[in-house]
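See the structures that follow.
Each of the next two complexes has chain A plus one other chain: chain B in the first, chain C in the second.
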Partner chain A sequence: MDGLLSGLASFWATYESVAQFVGLNAILGLSIYVTLAAGQLSLGQAAFMGVGAYTAALLTMQLGWPFAAVLAAGVVAAGLTAFVLGVVVLRLRGVYLAIATLGFGAVFGVVLFNLPISGGAEGLRPIPSITTTWQIYLALAALAFGLWRMDGSTFGRSLFALRDDEAAAASLGIDPFRTNLVAFVASGMIAGLAGGLSAHLTYIITPGQFGFGPALDILVYAIVGGTTTFLGPILGAALLTILPEVMRQVPVDPGASELFVSGLILLLIILFLPSGLASLVVGRRRRSDARSPQSPTAAPPPSPSPSLEPSPSSRPQPRPTGGSPSPTPPAPEPLLAIEGLGRRFGGLRALEGLDLTVGPGQVVGLIGPNGAGKTTLVNAVTGLLPPSAGRVVFAGHDITAWPAHRVARLGLVRTYQNVRLFRHLTVLENVLVGAALGRPGTLGPRLVGRSRAQEAAARNEALGLLERVGIAHLADRPAGGLSYGDRRRLEICRALAARPRLLVLDEPAAGMTAPEAARVGTLVRELATEGLGVLLIEHNVGLVMATCDRVVVIDFGSRIAEGVPAVVARDPRVIDAYLGDAVASA
Partner chain B sequence: MDLPQQLFNGIFLGSIYALFALGYTLVFGVLDVLNLAHAAVFTVGACMALVLVARLGLPAWLGVVGASLGAGLLGLLLDRVAFAPLRGRPEERFAGLISSLAMASLFIAFVQGLFGPNAYVFPPDAVTIDALRIAGARLPIVQLVVIGVSLALMAGLGWLVQRTRFGRSLRAVAENPRAAALLGIDVARVNAETFFISSALGGVAGALFALAFDSVSFDMGTSVELKGLAVIIVGGMGSLLGAFVGGLVLGLAEVLAIAGIGSTWRDAVAFGLLFLILIVRPAGLFGRTGTRRD
Partner chain C sequence: MVMAEPLLAVRGLSVAYAGVPAVRGIDLDVARGEVVALVGANGAGKTTILSAISGTVGFGGGRIGAGRVLLEGQDVTGRPAHRLVALGLSHVPEGREILARLTVAENLDLGAYQRSDRAAVAADVEVVYERFPILGQRRHQLAGSLSGGEQQMLAISRGLLGRPRLLLLDEPSLGLAPQAVRAVFEEVDRIRRAGTTVLLVEQNARQALALADRGYVLETGSIVLAGTGAELSRNERVIDAYLGLPPELGANAAG
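So, the complex of A and B:
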């Protein structure tokens, strides 16, 4: 027994520092996870770590602040740095963002080399060794808990939604810039914490510890581990930190063999296990809160009757946006009024002088031949594409050229002609992303364990909506694997979850069978009865005729006819431009 | 040091940056992925030149040619192992970034395993140490040759892309790989050829760099790697002309900055320029404003 204990003690004495670096690297892996979850590749993590490390070390060495205070100061300094950098670079995407953050890291390194206070190439020393193993693991545990709660929260889902499809996320009220900035600052703060902890462990810090190589290492931890759950970066950091220790036993140049093995692992992972090591551990089951054991069967089976839907009078008003008061629109005024809308692409006039109104409870059809400008109109109204002329008024607000997320928050929600789902989220999670619009977020409540009722309500409502469009049985499937018709229905369902006042459906029945299309028509009529305005763009003339109160026909970007379906269908200009074949064959 | 000398030094440095960045930007322009193994190929090219010249006693020009061929083959390997298997994945660009990073580690690990951590020099008679004197500036022949070779290769690449049948398929793939495939272009082959050319240019850049500075080490790619990224951002991602102009701009800016504010701030110049461009004109000096349609 004594032998075992002393054996353990000597083992620990040998390997405690390995354990410490596993913990620190896991924290760093988590820091980049937050931005990767939103689909943004930041290579500035090593520099944020450096900001935290230098801030904390300087405060310890020069002012003798207590450890907790220097750590906090390092976190704040790194967060501020990330904020300032984020405001500048988060307009960029993909490799541009990666290179910009890398560039920031390089500039940071040059600054460290040149400032007298950071000790130049010599770095700072001696930094008292204060950090203990349990402190590192306490920090790691707290972060892991926070990110575990984040993964299933509204905020976490909005990050995953942005990663899958930024435009679709914005169309559901998620502000891409703001959300990315929050994630970026959080990731900077986490890296800053790792910096403060590591500075008080290693006795000396030099600029090289926060350069290009370490920046890539942090990325590698996250990729090898996987970025679909917070467990991934922890696993990746553990493997890649422990492995070199094992490699020491092999009699090859340690630098080369370490590089070789980590490169080989990275290559094998990216080729054969794209979701990382974590996918071996948790498989496809992740973010399990959307279907925690108590749900969804335990939930009262929602009936497909319209009574589940809020009635028009009880429909909650969307939050006032931008601080301006939201006036109740006078009764005769249309919900949506488009006046003289124009959009040019170079010399091409895709839209010109277009007028269109939709009232509450009204279904207005928008038809026209291919290339007439229908989708351009939708994009110009919903903020995807600023119009070059004209005005769009919705619910009493001039929303001309508003960004997509603000338009959505006001209650104007759309679907896409080429269906844009969050393909890595489940069907239910897709709907929950929509349902989050205008509701309080769940991250805070989840952190303190008070989110159950709120989440159950959201889940039940989402399941009710799925029931209503007929795909509730698919709730736990990943959205990317649905059939075409089901994807369209899910997209409508997701838009409805955002509780719009006006729904814009861009060819909702495209590719559907006749019975499926008819179901969409029935649903649209039901929604209108509940007071929802609908702008329906559709090629299926039968559906348009059966569903719409009024039809607007456009060709070459201008309105050529408008009226009740039966009259429009007989208008010679319309038949000429568009309906000829369809009517003949109908 | 006087101004003509500074300008010459800047152009020399810039032509190496440009040659290196040309390979980066070619792959990005055609395949829309960033090949992070390019700097490793640069290093391997330098090592190949070293082996051919110092160990086998070949003349320097043959060393450069050999390095370019060897590096081109590495490019084919890169395409086959790190990029082709990922094609068609939803997150292809991101995955390609990572897999090329992995390949870079493997290449550098090999170099480090073979050569160890030391820096190597070429035999003293490998290249001439003569120099011209013009307007008070000293113009070493080696550096003049490097500038000339860089210019010739860039002009050749421009001709290849703009004027040949291969160049036309290359531009078609760059514009829209799916449509190119439908029109009968062998996209996989164009991709492989792009990697061969890109890596061959990277290898030449490495060999010339090594000969001009008379130094080869396993970590020589690190500094050009970041500079190359800055160059292609400044010039505009995917633009060959941009890589050329961006390289010269960076080379001149660095040399003048060293003279102006001191050498310790030199590396900040590239990234200061990079940030400026990203903020003012994210598409770069010669970048395409449109994005590729998939």
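So, the complex of A and C:
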């Protein structure tokens, strides 16, 4: 027994530092995970770590602050740095963002070399050794818990949504810039914590520890581990930290061969586990809260759960901010008023002097030949494309040239002609992203374990909506695997979950069989009787005629006819420009 | 009705996405010179069948679990798409998938990527421009700037530039205005008269069956009905499920 204990003790003495670096690198992996979850590639993590490390070390050495205070100061300093940098560079995407953050790392290195206080190339020493293994793992555990709770929260889903399709996310009220900035700052703070902890472990810090190499290492932890769950970067960091130590034990000609073998192992992982090590643990998909559709048992019962009932009467809850109180009669004040809207692309006039109104409870059809400007109109109204002339008034606000997420928050929600779903989220999660609009977030409650009732209610409502459009049986499928028509139905469902006051449907029935299209028409009519305004763009003329109160026909960017369907269908200009002779008789 | 050795024969084909079956053991024949339509609801497996035939099903995450695809009796199951193109198979996918950042002319040129007879290709391109003057006028514009109907004509023309023996058309009328829909069906009819064999997937079942020599009706991955276009158009089950009543709701206005 004594032998075993002393054996363990000597083992631990040998490997404790490995364990410490596994923990620190895992924290760094988590720091980059937060930005990768939102689809942002940051190579500034090592520099953020450096900011935390230098801040903490200097405060310990020069002012003798207590350890907790220097760690906190390092976190704050790194967070502030990330904030300032993020405000500047987060307009960039993908490779450009990576280069910009890399540039920041280079600048940071130059600053460290030249500032007298940072000790130049010599670095700082001696830094008292304060950090203990359990402190590292306590920090790691707390962060892992936080990110585990984040993954399934409204905030986490908004990050995943941004990663899959930024425009679609914005159209559901997610502010891309702000959300990305929050993620970026959080990631800087986490890296800053790792910096403070590691500075008080290693006795000395030098600029090289926070340079290009370490920045790439951190990215590799996340890629090898996988970026669809917080577990990935932890596993990746563990493997990539332990692997060189193991290789060192192999008594074949040290040096190059160990690098070769580690490189080979990495290559094999990337080739055969493209979703990273985490896919071994949690399967190919992120563990999702989508499973149990209803869990009212444990939760304090939510007030009669909104729309479990698949009947047409299961209506999304009116927006808390004051929806339309009287549903039926078209109010004198239109919900949406477009006045003189114009949009040019270079010399081409895609839209010119277009007027259009939609009242609450009204279904207005917008038809016209391909290329007439219908989708340009939708984009100009919903903030994807600033109009070059004219005004858009919605619910009493002049929303001309508002960004997409603000338009959505006001209750004007759209679908896309070419269907833009969050492909890597499940069907249910897609709807939940929509449902988060205008509702309190779940990250806070999830962190303190008080989110069940709220989440169960949201889930039930989402399932009710899926039932209503007829795809509830697909709730747990990844959205990317749906057939074309089901993708369209999901997109409508996701838009409805955002509880719009006006819904813009861009070719909702494309790719549907006649009976399926007719069901879309029925749904649109139901929504209108519930007080929703609908602007319906559709080439299925039968559907338009059967569904709309009023039809606007445009050609070459201008209105050529407007009126009730039966009259418009007989208008010679419409027949000439759009219908051809076929429908006139129908 | 079906010739002894059809141009395309599919035998017992099953395809699944991440273990979820999408196509369950279907048999299907397309004889030379025929237009054959696949009709069915959303998610029935029509697009999956086309992509399994053309070797592109893997791009969408699908896997052929069982069955064979025979092109003129030759087993081509699971061959990569570019090699099937060399065998005379051309797939015009759902949603057109023209290359938006290339010009019209470059798109067409890529349709003839595997051909070496440059002079004949140039002549074929001129034929396209004659048939669709708008494509000729815009040959140096980015394909993404075309309207939906023009893009569909470009996609079909690009598919034909490989001089295929079998053309797979997936939802060619998708998202098109009534007049453009009519133009697409006229084009398919012209392709048939020119002797190219067509396997057509189309939600616009009424027009597809009116045009097709034969059709298959798919439900949840299985073929439940087969017959001539005229037979299927009169079949009550087909009328109820796919043609829809009242007719003006299903006609998509052109016809």
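Just so we're on the same page, the second predicted complex is superposed on the first by the 520 of 586 C-alpha atoms of A that agree within 3 Å, B and C clash if a C-alpha of one lies under 4 Å from a C-alpha of the other, contacts with A are read in each partner's own complex, and residues count from 1 in each chain.
The working rule: a contact is a pair of C-beta atoms (placed from the backbone, for glycine too) under 8 Å apart; a residue touches a chain by one contact, two chains touch by 3 or more.
Please read all numbers here as calculations on a predicted model, not as lab measurements.
Visitor: Figure out whether A:Asn418 sits in contact with chain B (first) or chain C (second), or with both, or with neither.
Guide: second
Visitor: Per the contact definition in the header, classify A:Gly94: touching chain B only (first), chain C only (second), both, or neither.
Guide: Only chain B is touched by A:Gly94; chain C is not.
Visitor: Between chain B and chain C, whom does A:Phe260 touch in the aligned arrangement: first, second, both, or neither?
Guide: The answer is first: A:Phe260 touches chain B but not chain C.
Visitor: If we overlay the two complexes on their shared chain A, which of chain B and chain C does A:Tyr484 touch? Say first, second, both or neither.
Guide: So A:Tyr484 only meets chain C here.
Visitor: Identify the partner contact of A:Gly109: answer first if only chain B is touched, second if only chain C is, both if each is, neither if none is.
Guide: first
Visitor: Tell me the contact category for A:Pro572 with respect to chain B and chain C: first, second, both or neither.
Guide: Neither partner.
Visitor: If I apply the document's touch criterion, which positions on chain A are contacted by chain B in one structure and by chain C in the other?
Guide: Common to the two interfaces on chain A: nothing.
Visitor: Within their complex, state which residues of chain A touch chain B.
Guide: Where chain A meets chain B, its residues are 41, 88-89, 91-92, 94-96, 98-100, 102-104, 106-107, 109-111, 113-114, 212, 216, 219-220, 223, 252-253, 255-257, 259-260, 262-264, 266-267, 270-271, 274, 423.
Visitor: Touching residues of chain A toward chain C in the complex: what are they?
Guide: Touching chain C from chain A are residues 284, 367-371, 417-418, 477-478, 480-486, 507, 510-518, 521, 539-543, 545-546, 578-580, 582-583, 586.
Visitor: Over in the complex, which chain B residues touch chain A? Could you list them?
Guide: Going by the criterion above, the answer is residues 28, 34, 81-82, 85-86, 89-91, 93-95, 97-99, 101-106, 108-110, 112-113, 116-117, 222, 225-226, 229-230, 233, 237, 264-265, 267-268, 270-272, 274-275, 278-279, 282.
Visitor: Touching chain A in the complex: which residues of chain C?
Guide: 17-18, 20, 40-44, 47, 60-61, 94-95, 146-150, 171, 174-182, 203, 205-206, 240-244, 247-255
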